[in-house]
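Two complexes come next, and they have one chain in common, chain A, joined by chain B in the first and chain C in the second.
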Partner chain A sequence: DGVAALPAPQNLSVHSTNMKHLLTWSPVVLPKETVYYSVEYQGEYESLYTSDIWIPSKWCLCTEGPECDVTDDITATVPYSLRVRAILGSQTSAWSILEQPFNRNSTILTPPMIEVSQDGFHLVIELEDLGPQFQFLVAYWRREPDTKEHAKIVRRGGIPVHLETMEPGAPYCVKAQALVNAIGRNSAFSQTKCVEVQGEALPL
Partner chain B sequence: RRCLISVDMNQLEESFQEIKRAIQTKDTFQNITILSTVETLQSIKPVDVCCVTKNLLEFYMRRVFKDHQELKPQILRRISSIANSFLYMQKTLKQCQEQRGCQCSEEATNATRIVHDNYDQLGIPSAAIKSLGELNIFIAWIEKNHQATSV
Partner chain C sequence: QEFQFGPCRVEGVALPRLLEAFRTVKETMQIQDNITSVRLLQREVLQDVSDAESCYLVHDLLKFYLSTVFKNYSHKIAEFKMLPSFSTLANNFLFIVSKLQLSMSRLNDSAHRRFLLFKSTFKQLEMETALSKAFGEVDILLTWMGKFYRL
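== the complex of A and B ==
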């Protein structure tokens, strides 16, 4: 019927940081036309047992941008295949498939942002809220010779957590790392932050 | 010592809750069970836990998820999430089982055979729907037998 075949999207790749997974591709550019895209995925289960089944991505059934947040599609720590096609009116392109299946255990884990503060004599930390998959290991110590480092697991970010009651005379320092059980990995430690309480020690 | 699995059980349960109503309304055999009564699973001895878990994971992956034809994308997504989580469990369990052994006693083998017999008797697609509707029983079994007690 003489209609030029709609080109398929190229250069698919996944960028994943802190368990947020973004599929991107090179856009199909046609003068004065808006091209849409459709994304589908297959977990390792489907590729092993029901290879003819591809599942429509939750957020990108018909999307305009050359990218798709597939975080809600990638829900297990197994390799996932992803494919994209272009849509223009009633025309659809061939599917382009991600060259290497993506496994979320390859996500980049960044050191968490931390806010260390004092509430009277109380040492308080608030960690970045990175979502339900994340827990945090918090290490804290009183900066003086022969000091002992304490550790605490914090199950969620975004809420202030009391670490210790401080005594004047030396700063208290804190650092934290993110833990993701679902992939069995953790981030590097954050920068260390210290606070010091002034004044008299608390009455016993 | 039992084999532990680091899988987000909350997500599994959430996925099951999302499919539960849609699946259970299609279940026309309300007074029949595939996973047998909870008592049967409860009566499994600790030494047989590994074998029963391995067999039930295999049952769901090779039969139930394959036999069920789902048209609604949101249900399909949730079943896929559970199926791929089961696949991940199977892989992580396998490593542990190879180190510690995973023998199947006669009782464990019988318990699994009962499940398959129930499935065969009900026949596809009803049996697949019934088994999907009973995923909560198996998920609870996994949580009880393969999760580190959360502090």
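== the complex of A and C ==
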């Protein structure tokens, strides 16, 4: 009855930032032994309708580290149960189950990093590439009295996007926030960044 | 990206993701369906559905899939090692149904008649046959839902 001898992992928790979900636990430490772990998940559907069915995590069928990236397992905005057990040779521990089911709508959304530059008279922004679930709201304006703020939705990060053709005489400022449609939430705005184009105004 | 089923709006589900999930199980699953003369999601069920009907019809269909088709077919899915894709479909259907219920007020008779037609055809078949046929027709359901999807 070696099964019970192997202690189960403890202190399961999920750390989720920008729709990347990392399940962690306290490692099972045995002198001179390498303990492996197996992770399984259940969406709300399974726990409601087929509670005996648990699905092996895509990346952590047998993993060494005391953590598992479950991002690819969590594919709906419903609560997910997660469980882990330890494996040592032919021995397996009991399952430890995450105390509170995890819903991806609780992910922490950080303000996106932005790079603002000028290409001649063109105001250009490049946003952090946070993956396919992310769009961005970009706000930009000419910093002068009574100015009007413009907004633009950028569908993807990681590529330069032209915002406006600038005129000398005042800086142009930009800020952005991340939008995640899958969970109906957005991040705070990023820092504002400004650039100013030098030289003569463009001929009309 | 959102669904707009008449008065009912559902945000947070990526239809392309569901189509992709079904694509990975389609071939295996549709082989199980050897009665090609019968179609559950036939023309009279899905054609010319008005906006007003659409919310009620999709709600009834998805609830049936969750509580009857998926529930009784999961052992077959597990056998074929297709649980991850199946889980994506089932949990997103569950999410959609939960959002639809918030906007639904009273019954829509014509939508209900369409659903009853689907259900009666399903009941006429032997259970295992009906389950594999219904599961094989998920792409028909998703394609129809696509008419109400806005990128």
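Operating definition for what follows: the second predicted complex is superposed on the first by the 200 of 204 C-alpha atoms of A that agree within 3 Å, B and C clash if a C-alpha of one lies under 4 Å from a C-alpha of the other, contacts with A are read in each partner's own complex, and residues count from 1 in each chain.
Basically, a residue touches a chain if its C-beta (ideal position, glycine included) is under 8 Å from a C-beta of that chain, and two chains touch if they have at least 3 such contacts.
Just so it is clear, the structure is predicted and the values come from calculations on it, not from any experiment.
Visitor: After the alignment on chain A, I want to confirm one thing: do chain B and chain C clash, or do they fit together?
Guide: Aligned through their shared chain, the two binders clash on chain A.
Visitor: So, A:E126: does it touch chain B (first), chain C (second), both, or neither?
Guide: So A:E126 meets neither chain B nor chain C here.
Visitor: Pick one for A:N181: touches chain B only (first), chain C only (second), both, or neither.
Guide: Touch partners of A:N181: chain B and chain C.
Visitor: Report for A:D69: first if it touches chain B alone, second if chain C alone, otherwise both or neither.
Guide: In the superposed model, A:D69 contacts neither chain B nor chain C.
Visitor: Scan A:T77 for contacts with chain B and chain C and give back first, second, both or neither.
Guide: both
Visitor: Chain B or chain C: which reaches more residues on chain A?
Guide: Comparing chain B with chain C, the partner touching more chain A residues is B.
Visitor: Taking the superposition as given, does A:E164 touch the first partner, chain B, the second, chain C, both, or neither?
Guide: After superposition on chain A, A:E164 lies in contact with neither partner.
Visitor: Tell me which partner A:E44 touches in the superposition: chain B (first), chain C (second), both or neither.
Guide: both
Visitor: I'd like to know which partner A:I55 touches here: chain B for first, chain C for second, both or neither.
Guide: Touch status of A:I55: both partners.
Visitor: Residue by residue on chain A, keep only those touching chain B in one complex and chain C in the other, then list them.
Guide: Shared contact residues on chain A (touching chain B in one complex, chain C in the other): 43-46, 48-50, 53, 55, 58, 73, 75-78, 181-182, 184.
Visitor: Given the complex with chain B, which residues does chain A contribute to the contact?
Guide: 43-46, 48-50, 53, 55-56, 58, 61, 73, 75-78, 80, 132-133, 153, 181-182, 184
Visitor: What residues on chain B touch chain A, complex-wise?
Guide: Its residues touching chain A are 6-8, 10-11, 15, 61-62, 65-66, 73-74, 76-77, 80-81, 83-88, 91, 151.
Visitor: Inside the complex, what are the residues of chain C that reach chain A?
Guide: The contact residues of chain C facing chain A are 1-2, 11-14, 17, 21, 66-67, 70-71, 74, 78, 83-84, 87-88, 90-95, 98.
Visitor: Sort out for me which residues of chain A touch chain C in the complex.
Guide: 43-46, 48-50, 53, 55, 58, 73, 75-78, 181-184
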